[in-house]
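These notes open a run of structures that come right after.
What follows is a pair of complexes built around chain A, which joins chain B in one and chain C in the other.
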Partner chain A sequence: MRRILNRPEFGAACGVVAVWVFFALYAGGSGFLTAGAPTYLEIASELGILAAAVSLLMIAGEFDLSVGSMIAASGMTISLLHEQLGWSIWGGIAAAMALSLVVGFANGLVVVRTRLPSFIVTLGSLFILSGLTIGITRLVTGRTQVGGLRKALHYESAQSLFASQVGGFSVSIFWWVAISLLATWVLLRTRFGNWIFGAGGAPDAARNLGVPVQKVKIALFMTTAFCACLVATFQAVKFNSTDVLRGTGKELEAILAAVLGGTLLTGGHGSVIGAAFGALIFGMVQQGIVFAGVDSDWYKVFLGAMLIVAVLVNTYVRGRMVEARR
Partner chain B sequence: MSIQEPVRQPLLAVESLAKSFGKVSAVEDVTMSVHEGEVMCVLGDNGAGKSTLIKMLSGVHLPDRGRMSVSGEEVRLASPRDARARGIATVYQDLAMVPMLSIVRNFFLGAEPMKGFGPFRRFDLKAADAVVRAELDKMGIHVRDSSEPVGTLSGGERQSIAIARAVYFGARVLILDEPTSALGVKQAGIVLRYIAQARARGCGVILVTHNPHHAWLIGDRFTILNRGRSQGTFSKAQITREELIQRMAGGRELEELTHELGELSRGDGRLEISGT
Partner chain C sequence: MFRKLITCVAVVLAAACSKGEPAKPAQTGSAPPAAAAAAPAESAPRNNIRIAVVTHGQASDTFWSVVKNGVDRAAKDQGVTVTYNAPQTFDMVAMSRLIDAEVAKKPDGLVVSIPDSEALGRSIKAAVDAGIPVISINSGSDVYKQLGLLMHVGQTEYEAGFGGGEKMAAAGVKSALCVNHEVGNSAQDLRCKGFLDAVTKAGGTGKVLAVNANDPTDSEQKITAALGSGVDGILTLGPLGSGPALSSLKKGGSLGKVKLGTFDLTPDVLTGIRDGELEFAIDQQQYLQGYLPIVLLSQYKQFGVLPAGGILPTGPGFVTKNTAAQVIELSQKGIR
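Entry: the complex of A and B
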C-alpha cells in the first residue's frame, strides 16, 4: 500500500478518475461519454507527446520553455520548404526534425556549459525561435500563415501516418500511447533511465559515480525539441497549414501535465505515465467544460486549481520520502 | 601481488604531493600511504587541504608536483573513472546517494547490470536486487525493502550502503570523505562498524576527517595535515589520542583556543564521545 502511495503517478491516476466521474455526471447526458471521448483524447494525445518528453527532462532537473515556439518553427519549416522550394512533405518533415534536434542540442549545450538555469536559457530560445519564425515567414511570404500543404508531394502517405482516423479515433492517440510506453520503458528499465533519475536527483553524486550527466541532459533537450517537432507535424498535416503562433503556451501546458502527473519541479522524481494522466486530465477538463455547457474560457481556472492541489500533494509525498526515519 | 614481495607494498602511496589553484596553494607537501587491510586516517582542520588531497587521490584533480603509486606502480590519475579502474573508490559525504531513488537503483547507478540484446538491452533489476540483498547482508546492513527510496534511510545507513557499494565494485582503496561528520553518535557508530568490515575484507581505507575521536576509534595509522603539509604519520602505538588532537590543532595557540571553545560548548555531543 505504501509502495502504491509513493508512486509518482498515483495522485494523477486518482485525478483522472475524479475528473472523469465529475464530467460523466455533469456532462454525460450532453455527449461527454460518447462524442467527447475522441476529442479529449486527441487533445490529450498532442499534449501528452510533449509532456512525455518534458517529464523526462524535468526528472533530469531541467526545463524546456522553448517547446511551444519549436512547434511553430517546425511547422513553418515544413510549410515553407514546400511552398517556396517545392519540397515533398517528407523532405520538409525530415528537415524540421533535423532542425529540432539541432535546436535541442544547442539548448542542452548552453545549459550544461554555462550552468545557467535552463528556465532562463530556454526562455531565451523561446523568444529567439518565435522571433525567427515570424521574421522569416513574413520576410519570405509577407504573411503569418502558410497553407496549401495538401498539394505537397506524398501528402497522402504523411496524412495516413499523422492525421488519419483509426476506428473513429485520431491516429495521434496511438502515437501518444506508444511514445508514453516507450518513454516509460526507457525511464524505468534502461541504464539511461536510471541516469535520468540520477542527473536530476543528485547531479554531483551521479557524476561521481560515472554518470555522464551532461550528455544525458543534452539528449533530453533534443528529445523535447524532437517531440515538439512531431506535434507540429501532426498539426501541419491535419490543418493543411501552419501559423507562426501555433504552439504558443504549449510549453507551460506540458509542464502542467507533467506536474499534475507527479513530476517534481526540482527533478529526481516523476513518471511518464503520470504525465500521460496529466495530459488526459487536461484534455478531459478542456472538453468536459464545453460539454457541461460552461463557457470554455473557464477551463483554465479549473486546471490551475488542480495544479496547485497536485503540487501540494507532491510536496507532501516528497517530504515523506526524503525524511529519514531517525 | 604484494604478498609475495619481501617489502609489503602499500596499496596506494603519495609522495610530496602539491596542488595550487592560481596563487592559492591548497596542498603543499603531502606524503602518506595505505596498506591492505588498514585504516589510514588523514586528520586535519578546515583548510588543511583535505578536500584537495581527496580530489587528487580520486582523480578529480591532477597534482602539480609529487608522485602517486598504486601497488608500487607509479600512476597518473587523469579522471575519476581512471581512479576507479585502478580500484580507488571515493565515498563523498553528502554526495553518495540520490535521495529519491531506490536503494537498488542507487547501488548500481552508473554501473547498471544489463540483460537482453541490441535495442532491447535493459537494466536487469531482478539481478541487481539479488546482488544488493546479498551484499548488504554480508555487511550486516538490514533494509526492509530495497525498492524503498534511499531518502527513508538514516544518514548512517546511507553512508554504509555507499561503502558496501564501493566494496562490491572492487574497491581496493576506499577513500571516505568525512563519513561521520554529519551524523549523531549512534549513526557514526554504525558507519565505523562498516569501515571495520571493509578493512576486514582487505580494503585499504583512507578515512579523511576532522574528528580525531572517530579516527582514534577505527584508525590503524594517522597522518596529520596542517596548512597543506603532512605533519608526519603515526601508528596507533606511537601516539595517544590527546597527542593526536594536540598535533591536529597545530600548536599551543590553537590548543588554547580549542580548550576555550571546549569550555563554552561543554555538553555538546562531540565532547560526550571523548569521554567514552
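Entry: the complex of A and C
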C-alpha cells in the first residue's frame, strides 16, 4: 500500500478519477461516457505523446517550449514537400523527422554550451520556428494553409499507421500507450534513465560520477522535438491538411500535463505514467466541458479551475504520502 | 450551474405556456381543425431543442462577438437551448474535435463555419451521417453542398463585390479602381472581379490595383499615382486598404469627388461615411449569420420546414450616410 502511495503518479491517478467522476455525474447523460470516450482519449493521446518526452526532459531539469511551433513546422514540411515537389508522404514524414532531430539537437547544444536557461533558449526557437514556418509557407504558396495531402503517394499506408481507427478508437491512443510504457521502461529500468534523474537532480554529482550530462540533455531535446514531429504527422495525415498555426500553445499544455503527473518544475523527480495521467485529465476536461454544455466564453475559467483542483488533489495526496512515510 | 438554472427557468416558463395553450381552442370553439392539430406541436416545449454552434472565431474577436450575440439573441427569442463553441486560437484540429464532441451529444441541429473543408470535412460528414441537420455559416459556401449540409448562411464574395460595383455605377462612377491588399487570397480576387464586372456592365471601365497591406505608405503612394489616370471611384477590400485610400484622397483634396467604398466596418470607416468622406461600406451583417441558423434549425426541428435556395445571403448590406449614425449606435451594442 505504502509503495503505491509513494509513487509520483499516484496523485495524478486520483485526479483522473476525480475528473472522470465529476463529468460522469455532470455530463454522463449527454454522451460523455459513451461517445465522448474516444474523443477525449484521442486528445489525450496526442498531448500524452508530447508530455511523455517533455516529462523526461523536465526530470533532467530542462524545458522545451519550442514543441508547439515544431508541430507546425513538421506538418508544413510534410505538406509542402508533397505539394511543391510531389514527394510521397513517407518522404515528407522522413524529412520532417530529420528536421525535428536537427532542431532538437540545436536546442540542446545551445542550452548545454551557453548554459543559458532552456526556458529562454527554446522560447527563442519557438518564435524562430513559428516565423520561419509562416514566412516560408507564404513565400512558396502565398497561403497559410496547405491541403490535398490525401493525393500524396502511399497516403493509404501512412493513414493506416497514423490515422486509422481500431475498434472505434484512434490508433494514436495505442501509440501513446506504447510510447509511455517505453519511456517509463527507459526511465526506471535502464542506465540512461538513471542518468536522466542524475542530470536533473544533482547535475554536478552526476558529472563527477562520469554521467555524460550534456549528451543526455541533447538526446532528450531531440526526443521532445521528435515527438512533436510525430504528433504533427498524426494531425497532418488525419486531417490531410496543415496550417501554420497548428500546435500553438501545445508546449504549455505538455508542461502542464507533466506537472499534473507529479513531475517537479525543478527537475530530478517525476514520472512518465504520471504525465500520461496528466494528459488524460487535460483531455477529459477539454471535451467534458463541451459535453457539459458550458458556453465557450467560460471555457478557460473551467479549464483553469479544474486544473488547479487537480493539482491540489495531487499535492494533497502527496502530502498524505509523505506523512505516511514517517 | 448557471446553465442549469436557465434551463430550469425555461422549463417552468414552458410549462406555464403549455398550460395556457390548450384552453384557447376550447374557448373559441370555431377554431379550424388545422389550428387544433397544430396546437400540440406549438405547445411542445422548444427548450428541448438543442442546437450546437461551432465556429472558428473566438468570442474575443469583435467580428465573431457580433455573431455570438446573434446566436444568443436567437436562442432567447426561439426559446431553444444553444451552445456556442470556438477553439481558443485559429486551430482547425481543435475545432474539429469540438465538432466531434458536439456530434457525440446528438444535438437537434448543428451550425458550423467551414474555413478549411479538408481539415473539418471528416467531422462534419460524421455529423451529417449521424442524421444531424447541419447549416454552415460565414465560410463554406463553396463546399456546403458536397458535404451534404442543408444550407449556407453568409455572404458570397463575388455577389458582394458586384453589389458594390452597382452602387458605384449608380453614383456615376465611370473609371473604377479595385484596391487589393491581399493578392493571392481567392476571396479578395472574387470581390474585385464582381466589382469590376458590375462597373463594366454599367458602361464604365475598371482595373485592379495590388498594394502591400503591411506598408500603408506604399499603398497610399500607389493609390495616389493611380488617381492621376482619371479614376473617379475606388473600392477597397478592408481597413488595410481603406485607411491609405482615405489619406491619399485627403492629401489630394479629392475627398468626396472620388467616390470611395470599402468592405468591412471600422469606427474610422463609419465616421467617414457619416461625414461624407466615404460613399458606402459593404457589410456582411454577421449578426444574421448567428441569428438566422438558430431560427432555421428550430423551425426545421419543430415543423420540418426550411427555405429552399441553398445559400441565404446575409450580405452585401450597405452602410451609407443615411444609416451610418444608427450603425454606429448598434455597433456599440455589438450588433453591427
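Criterion: the second predicted complex is superposed on the first by the 294 of 326 C-alpha atoms of A that agree within 3 Å, B and C clash if a C-alpha of one lies under 4 Å from a C-alpha of the other, contacts with A are read in each partner's own complex, and residues count from 1 in each chain.
Note that in this section a contact is a pair of C-beta atoms (placed from the backbone, for glycine too) under 8 Å apart; a residue touches a chain by one contact, two chains touch by 3 or more.
Since the structure is predicted, the reported quantities are computational estimates derived from the model, not experimental observations.
Colleague: Between chain B (first) and chain C (second), which, if any, makes contact with A:T39: first, second, both or neither?
Modeller: second
Colleague: Which holds for A:F291: it touches chain B only (first), chain C only (second), both, or neither?
Modeller: second
Colleague: Which of the two partners, first being chain B and second being chain C, lies in contact with A:F197: first, second, both, or neither?
Modeller: first
Colleague: Under the stated touch criterion, which partner chain does A:R143 make contact with: chain B (first), chain C (second), both, or neither?
Modeller: Second partner only, chain C.
Colleague: With the two structures laid over each other on chain A, which partner does A:Q235 touch: chain B (first), chain C (second), both, or neither?
Modeller: It touches chain C, and chain B stays clear.
Colleague: Could you look at A:V309 and tell me whether it touches chain B, chain C, both or neither (first, second, both, neither)?
Modeller: So A:V309 meets neither chain B nor chain C here.
Colleague: Kindly classify A:V102 by the partners it touches after superposition: chain B alone (first), chain C alone (second), both, or neither?
Modeller: The answer is neither, since A:V102 touches no partner chain.
Colleague: Once the structures are superposed on A, label A:D243 by its partner contacts, choosing first (chain B), second (chain C), both or neither.
Modeller: In the superposed model, A:D243 contacts chain C only, not chain B.
Colleague: Quick check on the output: what are the common chain A residues between the chain B footprint and the chain C footprint?
Modeller: none
Colleague: Going by the contact rule at the top, pick out the chain A residues touching chain B in the complex.
Modeller: 3, 6, 185, 189-191, 193-195, 197-198, 201-202, 204-206, 208-211, 264, 268-269, 318, 321-326
Colleague: Can you name the residues of chain B that touch chain A in the complex?
Modeller: 80-81, 84, 90, 92, 95-101, 105, 108-112, 114, 121-123, 125, 145, 147, 149, 151-155, 184
Colleague: Any idea which chain A residues touch chain C in the complex?
Modeller: Within the complex, chain A touches chain C at residues 30-31, 34-36, 39, 42-43, 142-143, 145, 147-148, 150, 235, 238-241, 243, 245-246, 248-249, 286-287, 290-291, 293-297, 299-300.
Colleague: Tell me, which parts of chain C touch chain A in their complex?
Modeller: Checking each residue of chain C against chain A gives 3, 59, 68, 81, 83-86, 88-93, 96-98, 100-106, 116, 118-119, 122, 183-184.
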